[in-house]
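The letters A, B, C and D name the chains in turn, as written, and every chain counts its residues from 1.
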Amino acid sequence: MSIFVDRDTRLLVQGITGREGSFHSRQMLEYGTAIVAGVTPGKGGQTFESRVPVFNTVDEAVRATGANVSVIYVPPMAAAAAVVEAADAGLPLVVCITEGIPVMHMSRTMPFVRGRGVRLIGPNCPGLIAPEARAKVGIIPGNICSPGRVGMVSRSGTLTYEVVNHLTRAGIGQSTCVGIGGDPIIGTNFIDCLRAFQNDPGTDAIVMIGEIGGTDEQNAAVFVREHVTKPVVGFIAGQTAPKGRRMGHAGAIISGSSGTAEEKLAAFEAAGIGIMRRPADVVDLLRSRM
Amino acid sequence: MSIFVDRDTRLLVQGITGREGSFHSRQMLEYGTAIVAGVTPGKGGQTFESRVPVFNTVDEAVRATGANVSVIYVPPMAAAAAVVEAADAGLPLVVCITEGIPVMHMSRTMPFVRGRGVRLIGPNCPGLIAPEARAKVGIIPGNICSPGRVGMVSRSGTLTYEVVNHLTRAGIGQSTCVGIGGDPIIGTNFIDCLRAFQNDPGTDAIVMIGEIGGTDEQNAAVFVREHVTKPVVGFIAGQTAPKGRRMGHAGAIISGSSGTAEEKLAAFEAAGIGIMRRPADVVDLLRSRM
Amino acid sequence: MNLHEYQARTLLKAAGIPMFEGDVASTPTEAEAIARRIGGTVVVKAQVHAGGRGKAGGVKLARNPAEAMDEAAQILGMTIKGLTVHKVLVVPAAEIVTESYVGLIMDREAQCPVFMVSAAGGVDIEEVAAKTPEKIVRLPVDPTYGLFPHQALRLAFVLYRDFTQVKAAARIMEQLYAAFVNNGASLAEINPLVTAPDGRVLALDAKVVIDDNELFWRPDLGVLRDDSAEEPSEAAARRANLSFIKLDGNVGCVVNGAGLAMATMDLVKYYGGEPANFLDIGGSSSPEKVINALKIITADPHVKAILFNIFGGITRTDDVANGIVAATRQFKVDVPIVIRLTGTNEVEAIRILEGVGMRALSDMDQAVQQVVQLARGAA
Amino acid sequence: MNLHEYQARTLLKAAGIPMFEGDVASTPTEAEAIARRIGGTVVVKAQVHAGGRGKAGGVKLARNPAEAMDEAAQILGMTIKGLTVHKVLVVPAAEIVTESYVGLIMDREAQCPVFMVSAAGGVDIEEVAAKTPEKIVRLPVDPTYGLFPHQALRLAFVLYRDFTQVKAAARIMEQLYAAFVNNGASLAEINPLVTAPDGRVLALDAKVVIDDNELFWRPDLGVLRDDSAEEPSEAAARRANLSFIKLDGNVGCVVNGAGLAMATMDLVKYYGGEPANFLDIGGSSSPEKVINALKIITADPHVKAILFNIFGGITRTDDVANGIVAATRQFKVDVPIVIRLTGTNEVEAIRILEGVGMRALSDMDQAVQQVVQLARGAA
């Protein structure tokens, strides 16, 4: 079992003919993902890799193919608009890989997305992968993952791969790996994923990979304490990062969003989350708790 | 009994110290309405008519007095902002009397109002009055109304008074008279009022006063046919109005919103609504159906 | 407020929409100069707020500047549906490959701006709407977000297949939406939106209606109003802040409130009369307004009797009574006046009228019946 | 991107916010001229992106133009926290009646801009936040609607009682919001917002941070970047499209991905080493990026050993290997390099490295332990 995607996932790729979009679409197809449609305005009528029909608009693609998830690989300045187009077409899940979207674009986009009852994952994230269902939506390398019962949620990209790699090599498979993205404003946060993993009968334990900045991990820890009965282990990257280099001004400080590693680890501790000191710790820590 | 307002109505007046606001607030107080607060920015701390405290902001007024309905008498250019302020302060019912608000202002305001779950009556309307509860919110003259069991809903101002006057003189009292306003975009339409009257145990019959233009009366007629079991009688003003003087262009015509008197009367007929040929017909028509 | 075609063209051009060239002329010489600048065959079009200009001879083809001058001389000064033509628009007689319709209207029911586009544009769009409404694609726009790029693109794909034209049309949709919002329009229409033989997408005819409520704080738009293109009595009424529409009957009506004014007209008709006008003096009516209303109505030679129908709410009936008395002192009213007053301060009002030998009724039906009879007797 | 105080003042001034007069000077003579124009006592303030300017002697009072010139001469060229002062801001030493704080920040948790205002403004605002947070009023703004007039008014009433000042402050809130949105800011701050003895409400100090993601399409904002006010290696890294922060350790790190880069630094520390930098070469890394990264890291004399930690996903590890080989051919790297590569094209990468006698590890812990040992041995 898995969260957010499964064997019924019918994927649409926005920006399928672009450089990034075409590269990763081939990877997703290779992994076994059911890509049913692509969208690139002006390229409607073409066929991608001799099997995926390309449409001019998302609306048209959804009506023609019954796609139920969209993944977005369009340039930063058009990406928020692509999210809106997907949400407007009624897709219940939209995954935005694009990095570099102005935060104000996302701030304007989120109320629309929420108003349509759409789940957005990202932006600036590696997407998600459900190994058992062979559903890869995004850029997480399929070859490092293996089917299993550990749920993984992370703000990071390559650090996630590092941890997943440890799991797979130790014979611990994953139900779903979700990269929620590192941008200030994201559609799906730790709590959303924790709730889904808690409710997923295919998940027995959860790995959380956080970073310094913000309060999302602290809030997640409180959620774990109150609502998660499955074992959770966690890591915070940036323990040695210099403080206040990016936001060292009154605004960040008085808004209380500095989010140091110490604060986050203390919150993990208080919630009974197993703390990984090194990425490699994930294996032993999970084994001791499952 | 009544709809929207009752004995528990605690009224707040936005623009209470203005020319229109102060005049009508005195009238409402005289009628017996419980005005608990007024708002005029910069006049916070004053007292209106030695009994109503004035505040700088609606938020402050609501927190201090527990007001649960607001009525707005502020100039057209500030009126939509006043509606938003009232909705933002959590007032569940807002009545906007102001005439001359740009339609685009209302088009932008309605999504916010709806998002907050607020009922707006108006703008450009005479408000409403519940004679039994002595609750007058707006400008409908109290002396022409009398307590009773006929619900009245109208797009018009003085034409409403004309019809109410006939009822009162004939000894037929009203549960509530609601003026929904004649602007292109209004917060509460005929159907909203018909539903409320249908559900109000204090209302036995309904009078609807419509006008040419738009399709609101036609939609209301369909609603009456399907959902209203109480007798309904109706009038359409503008049967002799010249066609297409205001909107005689392709846009209005192809958008199908011309809304002639013939169309509306035919819809009334089809819905079994008793048709008043003259305002004075209201009395006999109601008597024959109650 | 209706704008002239040339004014609408200016607004849309300012928003960046590519337009067929063309300009407005007030004299035949100006028309000739414009035709020379354009070159080739041109169309000379009367600028009046009336439909059926073509049939009335207000739209003419001219093959060269000299013909343009001649046609302009014919059309300028012409009367179309009672309105004198003061300006003509001179545009190229374009060679057109396709004609589409693009309209944006503030929709009552959707409570927001709604786009209507159709590949079957041009003069027959109203027939398309009536007979094949499925050929018109409607798209509501949430004004809190504005027109999204994908919506503009979707509308453009309704009209064109070629992606260069699609992109051009999508841009025009966005520009039209911006022009609509920024000018407080209740309607903005391009009909037809055409493709030229070289593939360019251009607006040919434009129509814009401005929401009157915007004019209070948009004097820049107010100056576009062309009084001369309107019925003179209506322009005078508007300057006096009266809502007035001239009709063809002989019973003048002065009423407070638009709904009651319409109901009064209806009742005049009901009792066999013909209303001469719609006139709403508004809520807080001063005696001044009543005087202006009487001036405008008595200027119409067809009016044989005048009815006042005032239901006092905010309107104080004594103000109205004072206005009537003051008016009859200022100028002689040759036709009989029937007065119906009820509501706020009616006792005082009746006292004022009786002081000059006038009397007031309290029943609307009775008053209407009386004025209809008087008008009929005089006719 | 942090803006200098003088740049922030310019942006807010352009948005209509009333500012205390003042201007920026690059030379003592310019400072004197500004002081003369202002008249009276002025403050001369170093423009560097560092806190604690006052304590470092970068903010001085000058009672007349001559003193202003002297103070500017002292401050210009001074080094504050490793950054050279190239510009000073000269402002009146204002007589201030009240000091408030007004800040607008893009808030992660609220997912929208959030206003923070406090009547207890000025230099102690951070202490106010820590000790009496209830003195700071927070207000989230829905960016689909913008700041509503009643919200601006409510914020202004937090700061002032006098209605003239309230209206002035409400206007400033609206202008600050507009400046924030129109410039793609992630922070816009006025601290303090002051009242002058004559009652006027004015901004004294301003701080603006621009969202780096806006700069791609806002070259007008990009030109505000002052490379000279930054650590030179960081400016060089940014020009090479590398995300780089200089630290004080001796283990140079080249990593793909910000999270893995931080985790790598953490692991260096875990094994007893000290990272010399944070460096993320990003996803699609070309050999060119690797070369630039090595150049920047080797320019730091403190670096005793270098670690590559690459987990190939989008990043092709063979690209990285090629970059390392090319760099070592271009210039001599005097310190040992430990390479950890795994993932996409790792077989090819290892072949490339072995071709020039280098070898790669596949385990991150092993690689970090090795590089820490090498750095320690060299130190």
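What to note about this one:
Just so we're on the same page, contacts are C-beta pairs under 8 Å (C-beta built on N, C-alpha and C of every residue); 3 or more make two chains touch, one makes a residue touch a chain.
All of these numbers come straight from a predicted model, not from anything done at the bench.
Two chain pairs, B-C and A-C, are compared here, and B-C has more C-beta pairs in contact (counted per touch definition above). Here the spacing of chain A and chain B, counted between their Cα centres, is 49 Å.
We define each chain's centre as the mean of its Cα atoms; on that basis chain B and chain C are separated by 28 Å. Chain D has its Cα centroid 55 Å from the Cα centroid of chain B. For chain C, residues that reach two or more other chains under the stated contact definition are 144-145. In chain A, the residues touching two or more other chains are 108, 112. Chain contacts in this assembly follow no simple pattern; the graph is neither a line, a ring, a star nor complete. Inter-chain contacts occur between A-C, A-D, B-C, B-D, C-D.
Within the complex formed with chain A, the residues of chain C that make contact are 145, 148-151, 153-154, 157, 163, 166-167. Across the complex, chain D is touched by residues 76-77, 99-104, 106-108, 110-112, 126, 139-141, 144, 154-162, 165, 182, 184-185, 209, 211-216, 219, 235, 237-242, 245, 247-257, 277-280 of chain A.
Looking at the complex, you find that chain B touches chain D at residues 41-42, 56-59, 78, 81-82, 84-85, 88, 108, 112.
Chain C makes touch with chain B in their complex at residues 51, 101, 103-109, 111-114, 116, 125-126, 128-129, 133, 136, 138, 142-144, 181, 184, 186-187, 189, 191, 207, 209, 211, 213-214, 216-217, 245, 247, 255-260, 262-263, 265-270, 275, 278, 283, 311-315, 342-344, 364-365. Within the complex formed with chain C, the residues of chain D that make contact are 144-145.
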